[in-house]
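Should a chain be cited, it is by its letter among A, B, C, D and E, assigned in written order, with residues numbered from 1 in that chain.
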Amino acid sequence: MTMAEPRPLTAGPAAPASDYAGRPVYEIARLSKTYARNRLTALTDVSLTLHKGEFVSVVGSSGCGKSTLLKIMSGLLPPTTGRVVLEGRPVTGPRDDIGMMFQQATLLPWKTTVENIILPIEIRQGRAAARAAVPRAMDLLKLVGLGDFGHVYPGELSGGMAQRASICRMLISNPAVLLLDEPFSALDELTRDFMNMELQRICAEQQSTAFLVTHSLAEAVILSDRILVMKPRPGRIVEEIVIDLPRPRTLDMINTPRFGEIVAHIRDLLGKEAFQ
Amino acid sequence: APSILRAQTAVTFAVPNPSALTWLPYWVAVGEGYFAEEGLDMRLEAIDGSSAVLQAMSAGQAQIGAPGPGPTLGARSRGVDVKFLYNLYPRSVFGILVKDESPAQTPADLKGTVIGVGTADGAEVSFTKAIMTDLGMVEGTDYTFLPVGDGGTAAVGFMRDEVGSYAGAVSDAAILASRGLTLREITPEAYLGFFGNGIAMLESQMAATPDLAPKFGKAMVRGMRFATDPANKEKALAHCAVGNPQEAEQDYAASLYDGVVVRMTPTEAFIGQGYGYQPPEHWQAIHDSAVASGALPEALPDLAAVYSNEFVAGWNA
Amino acid sequence: MTATPDPNADTVWVEHEALIDRIPRWVAMLVLAAIVIAIWDLATARTGWVSPIILPSPAETLADLIFVGHNLLTGGYMLDALWTTTRTVFWAFLIAIVIGFSLGVLVGETKFGERAVMPYLVAIDTMPKVAFAPLFIAWLGFDIASKVALAAFIATFPIVVSTAAGLYAASENERMLFKAMGASRMQTLLRLKLPTGLPHVFTGLKIASVGVMAGAITGEFLGGGQGFGALIRQSASTLDTPRVFALILYLSLLGLALFFAVAWLQKRLVFWNKADRPGGVG
Amino acid sequence: MTATPDPNADTVWVEHEALIDRIPRWVAMLVLAAIVIAIWDLATARTGWVSPIILPSPAETLADLIFVGHNLLTGGYMLDALWTTTRTVFWAFLIAIVIGFSLGVLVGETKFGERAVMPYLVAIDTMPKVAFAPLFIAWLGFDIASKVALAAFIATFPIVVSTAAGLYAASENERMLFKAMGASRMQTLLRLKLPTGLPHVFTGLKIASVGVMAGAITGEFLGGGQGFGALIRQSASTLDTPRVFALILYLSLLGLALFFAVAWLQKRLVFWNKADRPGGVG
Amino acid sequence: MTMAEPRPLTAGPAAPASDYAGRPVYEIARLSKTYARNRLTALTDVSLTLHKGEFVSVVGSSGCGKSTLLKIMSGLLPPTTGRVVLEGRPVTGPRDDIGMMFQQATLLPWKTTVENIILPIEIRQGRAAARAAVPRAMDLLKLVGLGDFGHVYPGELSGGMAQRASICRMLISNPAVLLLDEPFSALDELTRDFMNMELQRICAEQQSTAFLVTHSLAEAVILSDRILVMKPRPGRIVEEIVIDLPRPRTLDMINTPRFGEIVAHIRDLLGKEAFQ
């Protein structure tokens, strides 16, 4: 199933998830998270559903709990209360079918870029499989513009290059669900646009479900089927916006009035609560 | 007491072994107040071996020491002005020991066996070598030495049957016996002249404190006389308990006491000379065997300077 | 993990600790102790495989433990000895920390230290300390000073090596930050490298806390004095092995106290290092 | 730094190293050696402040160094002794590495190890090793095996503590990454925690390399045998201090070789840790 | 001197620097940098001049040498060849008058946020001065929306919060020259816009000269007097664009046609060289 058909063009608050075509794969209900260390309530009463093949983005101000939400969804942090269910099974720890990209690149300094990228394969399938994945890793590196840097150690990469390498590391194992925490924040617009289009292509090809944290509204709109808007203190979802632009999306859609309208709408929403 | 009125000088007596019974006359003299009567305020420090005792003496940390004659000869050959004054163990501290059930009765029976020694060239080695050489045996072909350490590790040598005999301090025999390992001594009487540790001082120290040696020896001899009287055994043991309370807690302390008294009592031939007397011929024998074994690189030009019997008469007066 | 979860139930994380981690501490310690004592008993009292001269049976050791404990509690001569040794250990540890830390900074911070001083330190530390005991006695006498010197000597080296290693632990980003702030070498050292290197330094302190005990006892073995080491030597020379083991066991309580005091201090001082649960993440 | 720079000149960075770091290595080492020897000579030969039977003069020691060196080079009995000690040290180090590393992983990785095993290890290690010498000889005989055991015993603890500390060195981000990849505990240990902890482990190995030397010599001191330690003890017992110091100096060459072999291995294995220049950033 | 007067509106390649009003403070000529470790030429023949009070931005694709340039300018890395002169004196090491913000936040984990912020004062003027600076640090924290997080340890901050804290750390010592390496990359647009306006205000107030690396063309245009465009392999400056929007800039300028024009021009320039 591809996402190319146009869908009901309702960009409004909380469009019921059942309107959506795919079968629900990810269900989160009444999630809340309080960090024990500082007794800070990072998330409160978060509920959301992801459908098969859907691309959902989260936007919200810095510190509103986006990374926390992703870590809970990927099974890295336990929720304080609430339900997290993926493919009918509660998430109580990391799962093979989830690919996670962290806000920090976190490459191992004693492995070359390509060795870092095949690490998930090495972990899950052993060394032989990892060796076999090297050509694919090199392809991915070429794709993100790091073709010449496969055999270089991470200490010799720039900030954006490390980020791109960590995207490759997530992609190498073709996960069914992608959780991405600001994957393109250190990239220039051009590379970013290019990466966005590649991400769309990869998700469509593999029918992956994707959940993206981003600060770029344009990026969120161009990639997503839905955008969730979060507000801080305590972190919660205040709005859900269905993006009715047709698929596949292209970069020139950015210049369409509909696109500008949606971006303006979200900016408005975020702006409602004054800074501080 | 009048001694308290006199200014007391603190004097340190360094010994190579922590056992209090080994220094029996000292602890008796302390307990009976003989040192105090001489105006001496004594400290005893038990350190590790005769070499360390000689080192502490030459550093001025100990004014009096109780080294063995072998290391004393060694120190003398290295230019240390140490002088042996008092022969504390005229009947030697060493013996050749075999297991009780061993067929060996004399050192001659040890042909073809392994003899355990503390270290490869401790004093007991030259002692044993002298006996074996007199019997016409050669090390390496007729018998071999195995360094097994002392105390626990020496016992291990017997228990693993790595050695058939052990040349070491006879007090070890009493201790091992109390731990269930009965040993028998097969040292020929003639070799008991290889006397053991005694009291020594540096000549420079003797010059600086000329009345120290006379006073110290006097108290020691009085302590010795007190200890040899069987009636005083209980009291003497109590005095030793002050020096080493743990030793006093051992049930074999009484039997060890008897052994020590025997070894400290001069043989018939020399008893008339009094306590502390050092027969020159015995010094010569020790010296010659040390040269023969290589412990001394060359013969000392004046062996007579190593020891002195000048105070003996005064002490025994 | 139910296949069809109740839609109203919260997701409950069962923190699946490995079996080995779920054993309560006291149970584990008791079981370990029981196993060790059982084997020990078997080897000594039951089968006589090991002679009592070498290794006393647990029962004999216990009798002496009680005896020594009584002596300690009633303020007997052993308490004095323990107090002497404790003072020795305390001063030696203090001196080892000061000297080891200073040398560690010299070695870790300067090329001069790393290339010229370190080889000498290694060479000196390889030498059998025993050979230096007479020197210390010659200079410092029979009192605790000579034992303090020997113990400090032994305990210094681990602190030097660890401190020097700790100074390399700061990341390049952090060094850049300090450089950019115009921090002097001393400031970089004090405000960045040392705090970052604290976990390393504490590794050295832990090793040294055990080394200083060993050093104090060795010193008392070799050089007279009135400490616990002298008591052990007395007992050993009379082959009173149950007493030797009893004394050693009390001594190791002192060592445990010192070690865990250091560990406790580390927990307090290196509070930001949250990765302190084995196997855990959160 | 000119106030009005020539507009065509390149900016030249004068890497202003601190004075102490600009001293060439050999000069520094020679100067240090000269100072030590001068003081030594002054204390012994010149003033006689220290008795020659406690500390021989440099000249006497040199004479014996030549004698011992000649004996070693011509394959005399000392070479056999050195070879015996070298073998002891080699095996002991190997055993200490294997056991220390395994125990370190147990302690650093499991609560069971940290809470139940570690106290016992500390307690055992605080005990004077000397007291265990008879045990080792009883079990292993008078050959090198008993010395190997004693030396390994001494060298194990630093490796345990360092390895355990190293396992805490990985950052929370890195742990999260491995958790997210579904890495098993063993994989996290092998692929993340151990490589990250390598600098710590090497700290332990360096300390152990020196400890194992001390242990081997102590073993030979106490339990006879044919090694260098026995030679030293023989010389010491006849107050032949020049020989003692000459032997010790040769011995420390062995220790230096071992230590710097470990340091070299560390440079190779922990290649990614570029912050290896004292004071530098680049 | 404020930057409020309109200036010649020539958005063209390589406008000669001498056109500019302020006196030159930073002069860089024929700079090149080759990393010894991998023999990679990160920069080649870079020349630029910064004038007093000027705000200059650098844009360019990921890995083109922007961070390297900043590190050389701040005296953290030596150039391989070329001249770097600030206020008439060659830069041969870090200088007090330069404030640098790194691409990674790099907060010390054993200091609270506010302690981290006063660190530069502590280093340069001692503890007493640092204590005296605490109220100012708290003000700065409030300014960036971290008023409640002054006494929290960095491990408890989110990615964007750490970045904001490190901006405060740079600002606390009122440096004459600001070197900023992607300071706002982890911030949401709203916070980012707000921070941009604050940065403009602070620079104008203190007459600071600023040099900013950014991936956001909008941010570059709204803040800068000039924008330098870099190209990779080897890193070099290919274009200089003078931004002729009047000062002070306001956020609604983003919606003016002139703004859109300039952004489009730069995007074009960057796009000339195809991705890869």
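The definition used in the following text is that contacts are C-beta pairs under 8 Å (C-beta built on N, C-alpha and C of every residue); 3 or more make two chains touch, one makes a residue touch a chain.
If you're wondering where the values come from, they're calculated on a predicted model, not measured in any experiment.
Novice: Return the chains shared as contacts by chain B and chain E, ordered by label.
Specialist: C, D
Novice: Rounded to the nearest 5 degrees, what angle rotates chain A onto chain E on CA?
Specialist: To map chain A onto chain E, rotate by about 180 degrees.
Novice: From the centre of chain E, which other chain's Cα mean sits the farthest off?
Specialist: B
Novice: So using the touch definition from the top, which pair is joined by more C-beta contacts, B-C or C-E?
Specialist: Result: the pair with more contacts is B-C.
Novice: Determine the centre-to-centre distance between chain A and chain D, using the mean Cα coordinates as centres, and give it in whole Å.
Specialist: The answer is 50 Å.
Novice: I'd like the Å distance between the centres of chain A and chain B, where a centre is the mean of that chain's Cα atoms.
Specialist: 87
Novice: In whole angstrom, how far does the Cα centroid of chain B sit from the Cα centroid of chain D?
Specialist: Centre-to-centre distance between chain B and chain D: 40 Å.
Novice: Nearest whole angstrom, what separates the Cα centre of chain C from the Cα centre of chain D?
Specialist: 17
Novice: Could you list the positions in chain B whose residues touch two or more of the other chains?
Specialist: In chain B, 51, 55, 58-59, 151-152, 155-156, 159 touch at least two other chains.
Novice: Taking each residue of chain D in turn, which ones touch at least two of the other chains?
Specialist: Where chain D meets two or more other chains at a single residue, that happens at 50-51, 54, 134, 138, 172, 176, 179, 236, 273-274, 281.
Novice: For chain E, jot down the residues that touch at least 2 other chains.
Specialist: Residues 76, 104, 155 of chain E each touch two or more of the other chains.
Novice: Can you list every touching chain pair?
Specialist: Final set of chain pairs in contact is A-C, A-D, A-E, B-C, B-D, C-D, C-E, D-E.
Novice: Please name which positions on chain B make contact with chain D in the complex.
Specialist: So the residues of chain B in touch with chain D come to 49-51, 54-55, 58-59, 70-71, 74-75, 78-80, 119-122, 146-149, 151-153, 155-157, 159-160, 162, 295.
Novice: Any idea which chain B residues touch chain C in the complex?
Specialist: 12, 14, 17-19, 43, 45-48, 51-52, 55-56, 58-62, 151-152, 155-156, 159, 175-176, 178-181, 244-247, 250
Novice: State the interface residues of chain A toward chain C in the complex, per the touch definition above.
Specialist: Where chain A meets chain C, its residues are 29-30, 76-79, 81-85, 88-93, 155.
Novice: In their shared complex, at which residues does chain D touch chain A?
Specialist: Per the touch definition, chain D meets chain A at residues 173-174, 176-183, 187, 191-192, 195, 271-274.
Novice: Once bound in the complex, which stretches of chain C touch chain D?
Specialist: Those in contact with chain D are residues 17-18, 20-21, 23, 25, 28-29, 32-33, 36, 50-51, 53-55, 108-117, 119-120, 122-131, 134-135, 138, 157-158, 161-162, 165, 167-172, 175-176, 179, 185, 199-200, 202-204, 206-207, 210, 213-214, 217-218, 221, 229, 232, 236, 244-245, 248-249, 251-256, 259-260, 273-279, 281.
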